[in-house]
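Questions regarding the structure given below will be posed in turn.
Chain lettering (A, B, C, D, E and F) follows the sequence in which the chains are written, and residue indices restart at 1 in each chain.
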Amino acid sequence: MILHILTKAPGSSAALQMQQAVAGQDSVVLIEEAVTAALDPTWKAWQQCQSRIYLLSEDLLARGLATIAVDNQLPTLEMGGFISLTEKYEKSVTWY
Amino acid sequence: MAATNALLVIIRHAPHSSNWLREGLDAALVAAAFGQPVHLLFMGKGILALLKEQGSGAPGQKATLPTIDMLEMYDIDKLWVTKEALQNMHLSTDSLVDGVTLIAEREVAGLLQQHTKILNF
Amino acid sequence: MMQYGLLVMGAPYSSPAPHSALRFAHAVLDRGHQVAGVFFYHDGVHNASSLMAPPQDELNLHDAWIELHQQHAIPLDVCIAAALRRGLMSESEAQRHGKQAFNIASPFELTGLGQLLELQQRSARFITFA
Amino acid sequence: MAATNALLVIIRHAPHSSNWLREGLDAALVAAAFGQPVHLLFMGKGILALLKEQGSGAPGQKATLPTIDMLEMYDIDKLWVTKEALQNMHLSTDSLVDGVTLIAEREVAGLLQQHTKILNF
Amino acid sequence: MILHILTKAPGSSAALQMQQAVAGQDSVVLIEEAVTAALDPTWKAWQQCQSRIYLLSEDLLARGLATIAVDNQLPTLEMGGFISLTEKYEKSVTWY
Amino acid sequence: MMQYGLLVMGAPYSSPAPHSALRFAHAVLDRGHQVAGVFFYHDGVHNASSLMAPPQDELNLHDAWIELHQQHAIPLDVCIAAALRRGLMSESEAQRHGKQAFNIASPFELTGLGQLLELQQRSARFITFA
């Protein structure tokens, strides 16, 4: 079981490579530029990872995307929630 | 379209992801401060610089929005964005700051031809 | 309580990775965990530059890492090969290379990639910021 | 697939475009020199590191191929590449160095699960 | 009339943005990572720019792609040819 | 004969832009043109670091730019704001910021963005490497 950390936007090589690497029990945290995924509720990873993919709210706020994430009903977490996921998952891989 | 002596600064990078946006806007502001007319074209993720709800960034990270708000004081009033790019990002003009001019994507090539000086960030 | 190892591979002001790593480190410590070490590799070596002088309204990341070290005695290791290539060196490396100046000093330590692997081995959690 | 103690190094960047490839391979070589078993997975443009016709680079730029050729000496003999990635790049195995193992894209997730230590470059 | 210099691979944001910006009389030089375009003769820019798009041969050679460019019958130029294009075109824009 | 202005925005060893720019500059000069100046901006400011110490089998780009300057008297201007933020400063800036060392020296000159615009104005051809 792996926690995937994506730092680049959907459509980037990093995002595509992560999508190839995600397995059934894995979770995904979207940070930095990856939070622009909030703009696109049709992005395949939302479906692929269902209830196990989250946007980092601090990075959404910084970029003015917090309202849009709420409107699109996308799951967010704060830094504390990010830490909780790293506690739960022994391994993490960052895609950049 | 007539040729213009204005400097065209193209902004293609999002806030906080790198320093491209900041340093591109700095170049635009310095040119304007030196009295050169400046036009801005926002492409791709550069459009995110215009989102009006932007916060101050992570602690200690400088926000971009105050710089965008300063453009008008420097007489930079051409902020071009293509309709297609907005649609691709699922954004409406309501989410952007005031003063943005929408153009069609097919006009972009013409804009570049029109300007004798271009800086691409 | 767990040991976290952090790998930082982005440069300040060119990448958001150092900011993310620093916020993450503080949050991990707030939760009662420990940070076993931070390893700076690739462009991340620029975090160690003592000559960094950002505008006053921006965080000085070099100073922020030192503060983290002072509060929690966290080792700050910098890959020597990545650093030398990018213009970062300690006083002893400066002497060895015949340079008049240096821009890496304690608590940042120049070290080899072996330290990175060792950090990964002894950390219960290993997180990369790049 | 059984869990392995080997370090999995993922290579995703092309030669000459940045230092990611070089510094990723360096990490793999150092781990191997310290006696740790190392496996390599090439994804996306990382596959270009395996092209056998690579030259020495622009004057003064170091070539990657000698480093790839050194992997075997360090007992790094697992060089995984996905068939799909090769196809996407319109490449055949003939253009790659010897010793590459083709896998299917759907096996990638399993490989990551299998390795307890991963470094992603 | 503009000389476009592309430094990133087809599929990158830089490449897509350049394709939006190219006009009828413009030329394109592909350098650095952009020479990986040699692998894909179906890339739209080949059609879009026809006889006015070139791969820098030094950068092809460095990456082991020179033979593939020949096999795919794609036009190359050396650094001297690149300079000639900058002589011909008053303006250039680099996409990175 | 024409005047070429070059803008370099990539760091050595992290981007191929400096290599491309240097090869381009030499080819332009070989053709009988002149290079009116090179301006280093964004991560390109790292080209000016006097502390760069790459392995011996790699080109030292700092030295290669100085050689270009010595042979052809080409101004090498470095954006001061981009440089300070990234840990690059001259002796006088080091004094102003209370730093013990500096890593930018002549023929590299710290200057403002006005110089970039001025270079673009007076060059018949202006080429960006990034």
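In the analysis below, contacts are C-beta pairs under 8 Å (C-beta built on N, C-alpha and C of every residue); 3 or more make two chains touch, one makes a residue touch a chain.
Remember, predicted model here, so these are calculated numbers, not experimental data.
Chains touching both chain B and chain D: A, C, E, F. With steps allowed only between chains in touch, the distance from chain C over to chain E comes to 2. When you average the Cα atoms of each chain and compare centres, the chain farthest from chain F turns out to be A. The chain with its Cα centroid farthest from the Cα centroid of chain C is E. Chain pair with the most C-beta contact pairs: C-F. Here the spacing of chain A and chain D, counted between their Cα centres, is 26 Å. If you average the CA atoms of chain A and of chain F, the two centres end up 39 Å from each other.
Of all residues in chain C, those that touch two or more other chains are 13-14, 16, 20, 23, 42, 55, 58, 81, 85, 126, 128. Counting partner chains per residue, chain B shows two or more touched chains at residues 16-17, 19, 45, 58, 61, 120.
Shared contact sites, meaning residues of chain E that touch two or more other chains, fall at 32-33, 58, 90, 93-94, 96.
Contact residues of chain C toward chain A in the complex are 2, 4, 9-10, 16-17, 20, 23-24, 27-28, 31, 33, 124-130.
Interface residues of chain A, counted against chain B in their complex, comprise 9, 32-33, 36, 39-41, 58-59, 61-68.
On the side of chain D, the complex with chain F involves touching residues 16-19, 58-62. Residues 11-14, 42-43, 46, 49-55, 58, 62, 81, 84-89, 93-94, 97, 99-103 of chain F touch chain C in their complex.
Per the touch definition, chain A reaches chain C in the complex via residues 5, 7, 31-33, 58, 79-80, 82-83, 86-87, 90, 92-94, 96.
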